[in-house]
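Right after this note come the structures.
Two complexes come next, and they have one chain in common, chain A, joined by chain B in the first and chain C in the second.
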Partner chain A sequence: MVHRSAEVAVAAIKQNFNLPELGIALLGAAMSLPCIMLDAQAETAPEKGTLSFKYLNYKERQQVTGQAGNSSGWTDSQSGASAYDDRVRVKATASSVLLPLNSDWSLSGTLVTDSVSGASPAYHTQALSGLKDFRRAMDTSLTRYLPNGKLALGLGYSGENDYISRAVSLLATQASEDKNTTWTAGVGFQRDLINPANQMVVGEKKRGADWLLGVTQVVSMNDIVQFNLGYYNGRGYFSDPYKIYDERPKRREHQTFQARWNHHFSELSGTSRLAYRYYTDTWGIRSHTLDTEWVQRLGSDWRITPQLRLYSQNAARFFVEVDPRIAPFPPSPLPNALHFSEDQRLSAFGAITLGLKVTRQLSLDTSMDVKVEQYGQKAAWKFTGAGSQGLAPFYARSIQVGFTHSF
Partner chain B sequence: MCAKVLMLMSLLALQACSHIQPVAAWQKGNLALPEMTFDDDPLERGFKEHTYTSKEASSGGSSVGGGGCGCN
Partner chain C sequence: MASADTSLSVFRFPFKAMGSACEVVLAAHSEIEAQSQVQMAKTEVMRIERKYSRYISDSIVTKVNQNAGLAPVACDDETWALFQYASKLHAQSGGLFDITSGALRQAWNFKTAELPSSDKLEALRVKLGWQKVSLQNRQITLPIAGMEIDLGGFGKEYAADRAAQVLQGQGVTSGYVNLAGDMRFLGPKPSGEPWMIGIQDPRQTDQVIATLPMTSGGLATSGDYERYFELDGQRYCHVLNPLTGWPVKHWRTVSVTAPATVVAGCTSTMAMLMEEDGLAFLQATGFDFLAIDCKGKVYVRQ
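What follows is the complex of A and B.
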């Protein structure tokens, strides 16, 4: 659409003014650039507002029936593919609006609804118990644009029957004069209130603060890189009240290092997007996440994006492994143990995500996208070492449909 | 130990940044493509962070202020 209107304009100019060929080519190229480029150059509020909507349908499955191991040794999967059980299903919507108030200020807001149903294991990958919940989350952000940067104040709220979270954040960016280097600093505070339906605990609290320091650097006409350092410090109730034998430390700190690199291949009309994150925390968990995407443009209207994500973590130091002698029953924590958990999410495993996203530009201001994803989590997929034994592999698939319109 | 490694990696990254040829505004056509930005689909990022935070032990990395949830 952009290219077509630019061609018409250039043809009209050529007819009337007879400009040299080179000048016309340059003018055509300049007019074909998306208007977003203008926003990227000057730190002013976007000229247009944006309305976005996304629907998510997510479904998990896991082979939780029967024993996780057998007498001849551990198995990663049971025989008989029909034994998979549905676990959690989520139907979620997210709607957001970005409103430029004037050239110096913008306001944005997002509303998320999450309808969750299904079942979750009481320990390891055993003893499913049903759950049903509805979550509403909203956040709003007010941004002030400055000559070489911006300042954004954000407020967030998330509410479920048993869990309420409130958050506030401040994010500042400062760009160099040539806009090739951008520094980012952010801080956020959360306060959570936990009142589980089973009344295992009442009125528990969790407080946390997170900090972020980042730099984004334009390296060439086709390369941009970003480095982020993150730190989180939380105090309070981190246990899962719906699991048995779950007593986690009242304190958690984590540090993250993230590096991202986008490279555009002009001759292929494609872009590679690589991201790596290293995570470490005071519970003894370290993880590596590698996210890779290839964005392929087809004509001026289509973008096809295959995605591969690889993840690996070791177990929390208080994770209680499956005991093959008594499985499928839960092992008791050591008598003198202060902290213990049999939550699969704190075990040692690896995970692979395969995804495919298709984006269609419907007009200059409107686009639609569809994304399908398949996720798998297995002990054997841990990058190094064997992972936690005796847990059933976990799978999930998701479908997303999105719509964005500028006005 | 880990904090020191992180600091060192960041310093090396910064050092590398200081030797880069500046790119002029008129050369930034490709950099303005949505796929060349780091947050081209915030709603997708929201779903992604929420899902992985509830299925894996790690979280965070590129943003602050995300609200918590009792995701099981």
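What follows is the complex of A and C.
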């Protein structure tokens, strides 16, 4: 048993301290000794500050299935001229700083600005309407480090022309004496104010609260598993004022269950990360997400992480399917329907994300990374069943460049 | 941090083991309680010394050395595990960390300032090399007469870890074990503050060059000042490179902290043996360290 606890401690160290491969190998060698226990130290406030900067470029496109409605203003979609239309484009920057205050406290903050432009459909995949927005978001969190855990208080604000969101959160973690088990509990509250440019509604509000419970368990020298349960309860205005025929329930609750398993292959200097997430909400959407990643170290400076994510969801109870008899025109909701939406995000579909991240350690204190992701969404990719018909496949690609420096 | 327990007092118990000054420091409610706990830890240190010292005539190491070139020697679980560990260290260090290096003492006598002839070193070469040792069916065979093994490279550190484990089993949560500078920590002072550990100046050994706050894990130091002689202004220390047969020169001292003392000790010794490459090696481990090179330049990561 003691021998096992030593093995477990190595994985704990791997988890908590992210020791490089050589450090892990040196600890691993000592594991063959009888009754050698390793001290996984309690997490303390970081000794160094960290500054990081990220730039994201995101671009959507969707097959043109026909022309309906009037493309307003400055979108330049041409009927039938091209197979694909550009949709939303986002250019975002995020700057973060983490400052240790002393051995017990740290302060962190992030500033995000993004500019969104392009067009999004007013219903299903049709009737593009132009959009242009600028968003500024900031959040800050104060962390108190305790002998076997930490407590973090977060405040967030996000503002764009038509949407203001404020959030507060509290997250606590507690590790067992041997550091092999870590419990996490969190609670967050959000208050949003919605004033769309088209004045469909004025001064609408949305309030939400979410709870998180999690446990992370080191199972062996090379394995860590994690389980999370999440619950969200929101009330207020959930509809999309820019879409036609969009009247959603004033209440939404969702529950999520997530399981993760990281396994380290010492002989390959690589780590596999598998995750499954189940989501269910009071709108009748159930979704499954399968996420796989392989983190490959190459030498001491390079890390290459290919990623594959599979996603599938069924449609919301009040999603109004495309009516092939009148397409591409929008079907009217049933006369007695209380709730309805023709937002393709509430349809039944499957999605595949392919990603590749390359990280280069430039020096002990500085690293750079580039991440490229390609996302595809199709009814036919739903795990079971045919998915919502009549919706054009949707694609997005994102490129992110990041830079991190400790000081 | 941990709440202060005012009913605890700190007791220090110096003792001699493995030919060096050792000490157990721990917090207890009474001296009697502390004494009984320390006794068990000392017993464990003595057990390891008796079993693995090459100076003790009936130790397993002596038995293995006496059977060099003659016969295999059967190993119990603990001994087998220590040899397996020695194999891993040998592989991880590219052959530099080698528990058969002790044969070089036949050429290097640090009592007189005298360099061995190259013929003598060449003749010893055949008796060196862990890769020549056979480990099969829980038996160790030194294939050549005159080969010898020596667990001095990590025996003290191993004993510090084991003694600390004994104390932890007794419920000690504040204190440390110090075996001639190789230390294992069992938790902070009763006040919750770390133990402040002085690192010896390698040239003025009564001076402290740095102080490290320690609460858990191990701390070990290798240096060129424990056994050495000087000749024509050059220092020849007891850390010998088994591949060249010569003492290392690049580092005056290397201190490392790691989750176990045995890991800290082997890391600091490997860094000494790697000479100029030791710095990159230390940085690549991710462990905290303090190293001073032959020009007196200090390198720290913490």
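Throughout what follows, the second predicted complex is superposed on the first by the 349 of 407 C-alpha atoms of A that agree within 3 Å, B and C clash if a C-alpha of one lies under 4 Å from a C-alpha of the other, contacts with A are read in each partner's own complex, and residues count from 1 in each chain.
Here is the rule we go by: a contact is a pair of C-beta atoms (placed from the backbone, for glycine too) under 8 Å apart; a residue touches a chain by one contact, two chains touch by 3 or more.
On a predicted model such as this, the values are computed, not experimentally measured, just so you know.
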First (chain B), second (chain C), both or neither touched by A:Pro147: second
Which of chain B and chain C A:Leu362 touches, first, second, both or neither: neither
First (chain B), second (chain C), both or neither touched by A:Leu338: neither
Touching partner for A:Lys206 - first (chain B), second (chain C), both, neither: first
Which superposed partner A:Val401 touches (first chain B, second chain C, both, neither): neither
Touching partner for A:Ala380 - first (chain B), second (chain C), both, neither: neither
Chain B versus chain C as contact partner of A:Leu308, first or second or both or neither: neither
More chain A residues in contact - chain B or chain C: B
Chain C-contacting residues of chain A that also contact chain B: 29, 33-34, 36-37, 40-41
List of chain A residues in touch with chain C within their complex: 2, 9, 13, 17-20, 22-23, 25-27, 29-30, 32-41, 47, 104, 147, 300, 364
Chain A contact footprint on chain C (complex, rising order): 1-2, 77-78, 81-82, 84-85, 88-89, 92, 158, 161-162, 165, 168, 185, 215-218, 258-260, 262-263, 266-267, 281, 283-287, 301-302
Chain B contact footprint on chain A (complex, rising order): 29, 33-34, 36-37, 40-41, 52-54, 56, 58, 88, 92, 94, 96, 110, 112, 120, 131, 133, 135, 137, 139, 154, 156-158, 160, 162-163, 165-169, 171, 178-181, 186-190, 192, 194, 196, 206, 208, 210-212, 214-222, 224-230, 232, 240, 242, 254-260, 262, 264, 266, 271, 273, 277-281, 283, 285-287, 289, 295, 303, 305, 311, 313, 316, 345-346, 351, 369, 371, 375, 377, 394, 396, 398, 400, 402
Touching residues on chain B, where the partner in the complex is chain A: 2-3, 6, 9-10, 13-14, 17, 20-25, 27-38, 41-44, 46-47, 51-52, 54-70, 72
